[in-house]
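Quick heads-up: structures coming right below.
Shared between the two complexes below is subunit A, which has subunit B as its partner in the first and subunit C in the second.
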Partner chain A sequence: MYQPMLFLHWKQIKVVLLPLVVAAFALPLLSIQGLGSWGSFPHETISAYQFTMNSAFWAPVFPALAAVTGITLALSSWNWDHQLHHVYALSLPLRRWQYAALKMGAGTVLALLPAASFWAGAHLAAASVALPAGLNAYPNALTVRFLASIMASYALLFALAAGTVRTTMIVVTGLLAFMLVGGTAGDLLGNHFEAFQRVDVVGTFLRALVSRNGPFEVFSGSWLLIDV
Partner chain B sequence: MNSAIELSGLGWKADRSFSLRDISLRVPVGSIYGFLGPNGSGKTTTIRMCMGMMKPDHGEIRVLGMDVPRDMPRILAKVGYVPERPHVYPALTVAEQVRYHASFFKPWDEGWARELMERLGLDPTWKISRMSKGETGKLLLLLALSQRPSLLVLDEPTDGLDPVVRRDVLTAVLDYVGETNATVFVSSHLVHELERICDWVGVMDDGALVAELPMQVFKNGIKRIKVAGAPVEPADAPFTILSRDQANGSPAVETWVVRGWQDSMRAWFESSGAVLRDIVDLDLEDGFVELLRSSRPRTPHRS
Partner chain C sequence: MLAAMGPAGAQQTEQELIQHLDTLVPLLKDARRRAAVAQAAARRARDVHIPLDTVSIGLLTVLVVPGEGGVAQEVVGGVWKSDYAPWLSASPALAADRMFFQWSRDVVAYNSSEFTVRIVQGARWHPRSYMETGVREVISQSLKGDLVATRVGAEWTVSAVKPPDDPERIYRQVALAPSHAAQACLAGEPTSCLTAFGLLPSEGLLEDRYTPEERLLLVRQNASRFVRGAPLELRSCSSGDLAQCDRLLADFLDRYTSAQNRLWTVPFGVDVRASLLWFALVRGGEGSWGRLLAHADDAPLVALEAASSLQGEALMQEWHDWLLASRPVRHAGLGTQVLTASLWILLLLALAARSTRWRFA
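The block that comes next holds the complex of A and B.
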């Protein structure tokens, strides 16, 4: 059952996933451009400061790619079933959680493709530059973070997309309403009452998501390929 | 287990305009049960409830002696389902879809799947999105039959198909039933189609089951009769009067459409002071139409 499910998911996503796999390979290499790769620049002339600044410049792109990959995997998981109104899926002799678990498993295996590609690209990038003293490359750690970020966004969107369109709309609308009403109400109350000036419900909520022990903590850590 | 499908007191309300009302039916094991009704009468909704895809507001459903929805995976493992519309992944090829489907069903009959593919004229390399409705219908039937199901649930399996494909589909079903004695629950609004193959029939109209009887009784028991001097209120008639009109505008002679007719009932007319002038066999479609007319609120002439 698992193998055909994996094949089905692959068939659905390959057109979109392959560019993401290429991007995952290319991004670490792009991030070291101009840093003396393949000996084109004498590394002595590039300071540790430049290395870290360059790494920091590229740092937000890695989690963005991971998020896009995870979201793409999740949406493609359920796309065909939504199109068929789940009639075919529901006629298969499986509990719904078993079906969802098979789909989740298939997506998880497919997530390894961009992660492996990223790992290869990161290692190649790290090997291509001569690092100044005091700096190190972290291709493995960055790959683990990249994969974990794919999985975090994949899991969230997978759960959201697994529901009916109505459920998804309720959740998304609820979140948007919370942010809009919370933000506006916070501003209004802050303007009129001093006690509310330091209250930021939406900001606190968003920070809680990405802070330590938050579900998306992995997005907020260090995304530097080259660091001290 | 005497019933392949048993519904008792099934009810479901979609909105103000449509609801299923207290449906109780019984599909005997080994029968070919025709589930008749006009479009929008609730056939597909009832079938989806039997398949555990929708939850009734009240009532009980048992399929192959098991409870819906509790035993759903075990039930689905033994049921071949052909939905009303083609519900297969359009980007797959025929072979890929067959392989995918086969992986979920343990008693999958690979040899028969190949034979059916050949018999139904399906090419394994065809992409489903490029197949016609008839070809997709045949693929769905192939998938359902190759599971070797104990029960086949076919929701309008030949709707929109040309006569040749329709015959291929029905022949494949009948061959399977002949070989395995499986039960078939087939819905359709094409009365003639079911007439030839079914041995039981249930008729749905406006969310209610208006009749359930053996096909033979349904076919033979519906007559159009001419009655002279008909009693105003034939309360003790041994048959069901589906409709009652004046014949050719003559108030003395009436045309009745009756259900449950047997020749021995001629005597009733003499005892009630009426004269039976003529008896005409109705074909199934006329009987079906009269049955629907009689079940609708405006013509409630029932004994």
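The block that comes next holds the complex of A and C.
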């Protein structure tokens, strides 16, 4: 039962997933672009400073790519269920939880493709530059973080998309509205209640998501391929 | 001033202008005196008169609202005992200043023109660490006051006299300093550390600190210092002309010969220097601040050696050991983060499995 599920998911997503796999391979290489030679200067003059500046410039793109990959995987996993009104699922001799677990498993295997591609790209990037003293490359740790981040965003959107489209829309719209209006509402309430002057509700909520034990804590660590 | 004198003024001879300026000097002095009196009056007008208790903690004189002496003793005393008492036995600025400490539900404003008041204030919901950080900050401000008019204070400015908030950041700044001297220091050469700290005199084009390419980066990063006099040369330098960068730098170094004006060329910045000063003071132990002040008008290296009771290279070696111990573990806690993410994923999967009933419509 697992193989057809994986095959179905693959069929749904392959057109979108392949560019993401290529991007995951290319991103680490982009982050060290130009560090083999800095303009016309010989290699040994490149300082640690240049390495980390380049690495830091690309660092925000890594979690963004992980999030986009996870979201794409999640939305595609329930796509055909919604389109076909769950007829296929109901025709199977499976309970709901078994069906969801199989789907999740299929998505997890597919997430390994960009992660493996990222791992290869990161190792190739790390091997292609001679690092100055004091700097290290972290291809393995970064790949683990990348995969975990894909899975975290995948799981959230998977859970949302598992419901009806209506429920998903309500939750997503509610969250967006909260983030857009919450700040202003907090300021207005702060004019009347002292407690609201001290608390940034939206900021606190977003920090809670990425802080210790939050669902997206894994997004908050270092995303530098090359660092001290 | 010439514009104020009108068109005729522009035709005056140099001698007439000097004579005219001389007549303005008494007026200027009088205006300054009146401004000083007015400022003092304005300061007195801002004085806040509220009942206060005074608590003595080490060299500190702490002013508190009645009833808050205990908490001040606990927080300020804790910081004093752990961070400053082991090496700080005398400080003119600290003795002269007052610390106003308040950690309570309702904060009040306090000011006095009699002495410099350094304020550590927080609402009750602030954590203790917040108040302790404030205490360290104001003690640091006072201690920097001791160095203000000294050679060390002018030629070897530091960001603070307190324990480094984030030793990992110091390591990072050292490792990323774009200077071959800094790299050699990180690799463990004490003499290079002295160079990277700007504690040894640097001749010529700072070759002991920077390679030509590093000098290019230095000029690029400090373009605002060069842009006014030579914008075209700066553009050539920025586009990779090493000779032009060196000409710009040589021109600057010719014009500004004092160590104070060249401080920006020191590879290790104010935070890294502050970490060395702190290390020297703690290493020097009892009376180290007094020894530093006694040599504050000597070269910075002499003052640091006096404070730490170590020779320069030995001090560098020990500081380097401390630095290596502060090296950050970049992906520390990744395992825990992955475990946490896994638990959330399982929770979300459980929600997905039960989220809604299958429907036909």
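Everything below uses one rule, namely that the second predicted complex is superposed on the first by the 214 of 228 C-alpha atoms of A that agree within 3 Å, B and C clash if a C-alpha of one lies under 4 Å from a C-alpha of the other, contacts with A are read in each partner's own complex, and residues count from 1 in each chain.
Convention: a residue touches a chain if its C-beta (ideal position, glycine included) is under 8 Å from a C-beta of that chain, and two chains touch if they have at least 3 such contacts.
Note that the structure is predicted; figures quoted are calculated from it, not measured.
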- Query: Should the superposition on subunit A be reported as showing a clash between subunit B and subunit C, or a fit?
  - Reply: fit
- Message: According to the stated criteria, A:His85 is in contact with first (subunit B), second (subunit C), both, or neither; which is it?
- Response: both
- subunit A residues in contact: does subunit B have more, or subunit C? C
- Message: Going by the contact rule set out at the top, does A:Tyr49 touch subunit B (first), subunit C (second), both, or neither?
- Response: second
- Message: Touch test for A:Pro132: subunit B only (first), subunit C only (second), both, or neither?
- Response: second
- Touching A:Asn213, do we find subunit B (first), subunit C (second), both, or neither? second
- Between subunit B (first) and subunit C (second), which, if any, makes contact with A:Leu94: first, second, both or neither? first
- How far apart, in Å, are the nearest Cα atoms of subunit B and subunit C after the overlay? 5
- Item | Set of subunit A residues, in rising order, touched by both subunit B and subunit C | 85-86, 90
- Note on the structure: Given the complex, residues on subunit B that touch subunit A span 48, 51-53, 72-77, 81, 83, 85, 87-89, 91-92, 96, 99-100, 103-105
- Footprint of subunit A on subunit C - complex, ascending: 123, 125, 171-172, 174-179, 183, 186-187, 211, 213-214, 217, 240, 327-328, 330-331, 333-334, 337-338, 340-342, 344-345, 348-349, 351-361
- Query: Along subunit A, where are the residues that touch subunit C in the complex?
  - Reply: 38-41, 45, 47-50, 52, 85-86, 89-90, 96-97, 100-101, 104, 132-136, 138, 141-142, 144-145, 148-149, 151-152, 154-156, 158-159, 162-164, 167, 198, 213-218, 221-222, 224, 227-228
- Any idea which subunit A residues touch subunit B in the complex? 1, 3-5, 7-8, 11-12, 80, 84-88, 90-95, 98
